[in-house]
Amino acid sequence: MPHVNAGGSPVKIAAVDRPDQPSRSPELEDLYRGFEKALLVPLWTEIGDLMPPHPRSSAQPHRWEWGTLLDLAGRAGELVPVGRGGERRAIALANPSLGGKPYATPTLWAAIQYLMPGENAPEHRHSQNAFRFVVEGEGVWTVVERDPVPMRRGDFLPQPGLHWHAHHNAADTPMAWIDGLDIPFQYGVEAQFFDFGRDTLTEEEHATPDRSRAERLWGHPGLAPVSRLRRHEGTPLLCYRWTDTDAALTDQLALEREGHAGTIEPGHALVRYTDPATAGDVLPTIRAQFHRIATGVETAPYRETGSSVYQVFDGSGQVTVGDRSWRVSRGDLFVVPSWQPLSIRSEASASDSDSGALDLFQFSDAPIFTRLGLYRSRTEENSR
Amino acid sequence: MPHVNAGGSPVKIAAVDRPDQPSRSPELEDLYRGFEKALLVPLWTEIGDLMPPHPRSSAQPHRWEWGTLLDLAGRAGELVPVGRGGERRAIALANPSLGGKPYATPTLWAAIQYLMPGENAPEHRHSQNAFRFVVEGEGVWTVVERDPVPMRRGDFLPQPGLHWHAHHNAADTPMAWIDGLDIPFQYGVEAQFFDFGRDTLTEEEHATPDRSRAERLWGHPGLAPVSRLRRHEGTPLLCYRWTDTDAALTDQLALEREGHAGTIEPGHALVRYTDPATAGDVLPTIRAQFHRIATGVETAPYRETGSSVYQVFDGSGQVTVGDRSWRVSRGDLFVVPSWQPLSIRSEASASDSDSGALDLFQFSDAPIFTRLGLYRSRTEENSR
Amino acid sequence: MPHVNAGGSPVKIAAVDRPDQPSRSPELEDLYRGFEKALLVPLWTEIGDLMPPHPRSSAQPHRWEWGTLLDLAGRAGELVPVGRGGERRAIALANPSLGGKPYATPTLWAAIQYLMPGENAPEHRHSQNAFRFVVEGEGVWTVVERDPVPMRRGDFLPQPGLHWHAHHNAADTPMAWIDGLDIPFQYGVEAQFFDFGRDTLTEEEHATPDRSRAERLWGHPGLAPVSRLRRHEGTPLLCYRWTDTDAALTDQLALEREGHAGTIEPGHALVRYTDPATAGDVLPTIRAQFHRIATGVETAPYRETGSSVYQVFDGSGQVTVGDRSWRVSRGDLFVVPSWQPLSIRSEASASDSDSGALDLFQFSDAPIFTRLGLYRSRTEENSR
Amino acid sequence: MPHVNAGGSPVKIAAVDRPDQPSRSPELEDLYRGFEKALLVPLWTEIGDLMPPHPRSSAQPHRWEWGTLLDLAGRAGELVPVGRGGERRAIALANPSLGGKPYATPTLWAAIQYLMPGENAPEHRHSQNAFRFVVEGEGVWTVVERDPVPMRRGDFLPQPGLHWHAHHNAADTPMAWIDGLDIPFQYGVEAQFFDFGRDTLTEEEHATPDRSRAERLWGHPGLAPVSRLRRHEGTPLLCYRWTDTDAALTDQLALEREGHAGTIEPGHALVRYTDPATAGDVLPTIRAQFHRIATGVETAPYRETGSSVYQVFDGSGQVTVGDRSWRVSRGDLFVVPSWQPLSIRSEASASDSDSGALDLFQFSDAPIFTRLGLYRSRTEENSR
């Protein structure tokens, strides 16, 4: 956080020779010194940066390889204990254009979290909205509001703000997964609250059930438990299982093959995780979606306000974001900054994909934009 | 915007000796270098700053004196032309803790705008939500979507995002007023769009009617024009006149004196500007309110998530925000950062106030918090 | 309410010779007797009446002349006391096609209420939503939730369900006005609750203020009292004054003359009374609107689902509803049944109109249709 | 529909000797004749019936035995063809207090529909909201907007207003099911539209898929197809399968046994069918729910505004509605009028129930009440 310079003002205003700027003169310099002293900044020197014709993201497109993340997380598993204070063995993506901050994008945090066999991450809660997504492995239970939720490959576990939560690894192998939160957004608007919880959970909370209570109440399609109908912000369904997501994607592509509507564009199935109590996004600030792109398909370049993080779940392909392009495969993560066009080509890779397609998990800050009347998107013609 | 250092990574992670941090060792240093190279940052070194127990604003409380602003704006009127490129002769409050940026708070822009007799500020539009508030003077018309809206002392003129607008001063004296926008917020989440409009308005748009068409359609209490009922983001009522605001505040204090509910606390009248087509806040990201505090009254310390900018409209008093305190009078502006307690004492000053009270205009980013489930507030017992 | 006939079933099914009906036979008669005994009715004998191609109202267009109503109400003023039990000296329009029930339409009640000098109508409350509209006279205060609200020509006073209310005539002349309620609708769906209140009001409640407290809190355009922002069903603004309504209508016609949008069709101004706390209809089941039709203008035939009652406020003209047509003038009431086309021609009548136009108050059951997804409307080409 | 008597008015007003009525006199009789002639009815003679202290339903509690319905429907299957004009072989419950009309309650229609092997019910659409529920059998496909939806025991098939639909029996046995609609409500408020469709469906529409396209798009818990997110009135999910409903009920009772919340009262599981695109009721005017009551449990008497129809799906028990009580078992239907208390006792009947419990399907008009601010309910202490 910049502060006032010793003996001076934090404000510096430079008069420049440019057609859209006032003529340089001693009087103008005097005026600018007056502005600095009074802690004022004119619009006319700043407008080009502050109010561009369209979003020019301070973040840049970037990809992180899953193998590297997993290696480093494994080494952290040996060297860094999990406990009160540090709270979680989570290692965050730091977008190279965001000044070394642990921000994947200006609004989103994405981290790999790693828990060794038998370890417990202590209970806490925070106003930040969060979720977990599992690209591989199992054995950890996330205990949300005393309800143990199992985590397995393909599962998506949202956790609305101010819900108490802890994790414990009940398996005899380490487990890694992805955490997504709105930490940068809440830091920026200054909305954060955080409370420490109990250091140890009860025996009942250490149970390892196959399904959470949340799923037993809310996981039946189109069926709401009448005793729990009060609406809050954030979904009451704490886990969206892979079998359901996989089936929904499979159905969309099959419907397309049969000649019916369902996909978002040819060869591109897309589902959104929704809150069964409101039908809106699962979290007030985070949208989560899952894409399946049939082999050989290239998606039309798509721009939207706000930023996304993607993780490849299965298959492989070529991703282009703005002027960057990478080949990606299982576990790789990449970021799409605001208003940068994204296109994905799914490539044949019979060995590594269950569905014979490219599967990608996505999360974004879209609800911030839709709820505040700021959402815009544009699909470009695919040049191929 | 920080960028990658020459020859290095933008990420720097320091191992420190502290009970909540892992033990320093060559292996840990090696791990941290690995993180840096891979553009990763651990949570355990950052959590205290990123996830504090409650908002600790990067902004600080600060007051700007109206006389100083008006002087500097007047000198700018002589030296700085208004035209395409610079767009507006607007001079923004720069919070001394925000690094010299033209940000009153992390989300809000507040500026004094100044227009000389006969001047025109050219037409443009932008996704940023905006308003004007007039603490003194008259003679300028803001032309919004071709509808000329007069500006006079006490008037509040909201202008939702992407509405075309220009200003022209039809009087023979300069005029100053306050502009409020969500520029820092839209900069942070990267939502901005901006378009230049026509350089000159038509003769009809240069008219100087006493009331805007917007007011003639939407300015009648509880009465909606059926032909215009489609709902958009942002109010269709483009001016809220002082006579109405004054009457509403007067009524609240009179009801209190008669023993009835109405004020927000004893001696403290409070009205919110609302969109007559939705009954919600006038702008999707900005809340605007007007306070009248009876002479001798001190308001209970109040905290809320999000930040505000206040301008004294009339009267004088003592304002305390966190550990700062200032005496304020007509035209002075001050900022209240997130979760800092605010208390205001209205002081007798018979000479300068029409109502014999302290009148304050306030705007804040509250809709961002309420629409995203992040709003919290707390009123403390007044220690007096 | 029909009941089981002595010795038989309430159900009677007749076999008929018609192409769309099953062939008559002893077996069919036997089947129909079986249906009757089991309290069953087949769809195939009833579908034409139950499920018509478009609404065929059981109500018929009808007009009541104000002079007749006022005479009869005046005679009731002499003969019928006002007090507990009968509750109100209200005399309801009985649509001639609705079987003698006091129903203006299948969903709406409309009555003339009459209060002699010094009389009090005792306090009660009910789930039925109600309003009053004043076509002439003054001197009565309606006391709603202990808040005395004056009634004067042109005022519209909504009163949401379950609000306690009483009336008292503080003048030395009788006063008549129109009551509108959703009595038939709530009777039909069986939603009614009713409670008796206090027999006498306090002295304070018998006050005769010029404005109600509700108006002082909520009657300022676009300005909400922050202390009272909780939302309920039904408007907190208990009176919409004629001066505001008149000004809004005048503005719409003036905007049209100046070449701007505003009217609903040429020469036809239309405002809707709205709840300032929700921007929706003033009452959950009743929409209220006010029309001003410039002299010489004939409105395009308009149909909508649901029914309306109109009262002429000023001016005179010719009204056509379906196959009925009447000349109307001040105070006359008429009903427009569901899906019947309505057209109104405003006729010159310089003597009796302030605005030189035909002014009409309208109320309808439109919110029932809009809130339940059943609203449809159609404007026809004006044949002239 | 009553009409004007030959030579008289439809209105008849009788003066009576009663303390709450005006004194009988020639003048009063004269006034009443004046009212009749002018088509007016006073409130004071009608208020007790029109505005009762709480709903007094014109309907009465009644039960229909499934065996009787099935027998009569089967005989209709032999005698009454299905085709254009009669449209459906549907036989409706006629509440014995509703004058022989085919109304189960004042707002709801409930019928048994019966289709012989190979029969087709022709395509049509109507504004009335509808659903089907299957208590036994299979073999019919309902084709909604060209999407064939299979019908099997326990399935619930909602069908929002104005959706084209037809039925065809692809099996070699007859099939019966229950139709529920808001016919009486739409008749009462006069909202009805009806259109005939094609007489024969295409071959593709006569397919007999195991799942509808609607289920493939919308039947995955918490997962929305992004290509179909526009919201309309009425659920896009056209079938709610019994396996899901059964699992949700089983989970609630199991959670209760494990000591967790979930049931609506001890031993009483309750799920509501909801629209996955809005999370609200499946239809704008109809709520549908499913109850499972553990053997030996008696539910607390419950009243609510509005009426319901129940069908026993499995098990048996004793039902009490107001002053009526019946023993019920599979397929039996009964109605609960507005504000009448309902209590159900589940009785051991090992032979006939899969779940060892009493399972009941319920539909009601609750959305009419909740959307219009008229919903009230009360649970009484169970006297046992």
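Order of writing sets the chain letters: A, B, C and D. Residues in each chain are counted from 1.
In this section, a residue touches a chain if its C-beta (ideal position, glycine included) is under 8 Å from a C-beta of that chain, and two chains touch if they have at least 3 such contacts.
Remember, predicted model here, so these are calculated numbers, not experimental data.
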* Shared interface partners, meaning chains that touch subunit C and subunit D -> none
* **Chain separated most widely from subunit D, comparing mean CA positions** => B
* Asked: Quick one: subunit A and subunit B, Cα centre-to-centre, how many Å?
  -> 30
* Any idea how many Å lie between the Cα centroids of subunit B and subunit D? -> 53
* Structure fact -> Here the gap between subunit B and subunit C, centre to centre from mean Cα coordinates and rounded to Å, is 44
* When you check subunit C against every other chain, which residues touch at least two of them? -> none
* Structure fact -> Per the touch criterion, the pairs are A-B, A-D, B-C, C-D
* Structure fact -> The residues of subunit C that touch subunit B in their complex are 213, 216-229, 235, 237, 240, 244-245, 247-248, 251-252, 254-255, 260-264, 270-280, 282, 289
* Structure fact -> Per the touch rule above, subunit C residues touching subunit D in the complex are 1-4, 9-12, 19-22, 25, 27-28, 31, 34-35, 38-44, 46-47, 50-58, 62, 64, 68-69, 72, 75-76, 78-81, 84-102, 106-107, 111, 126-128, 161, 183, 185-195, 233-234, 284-285, 305-307, 337-339, 365, 367-369, 371-374, 376
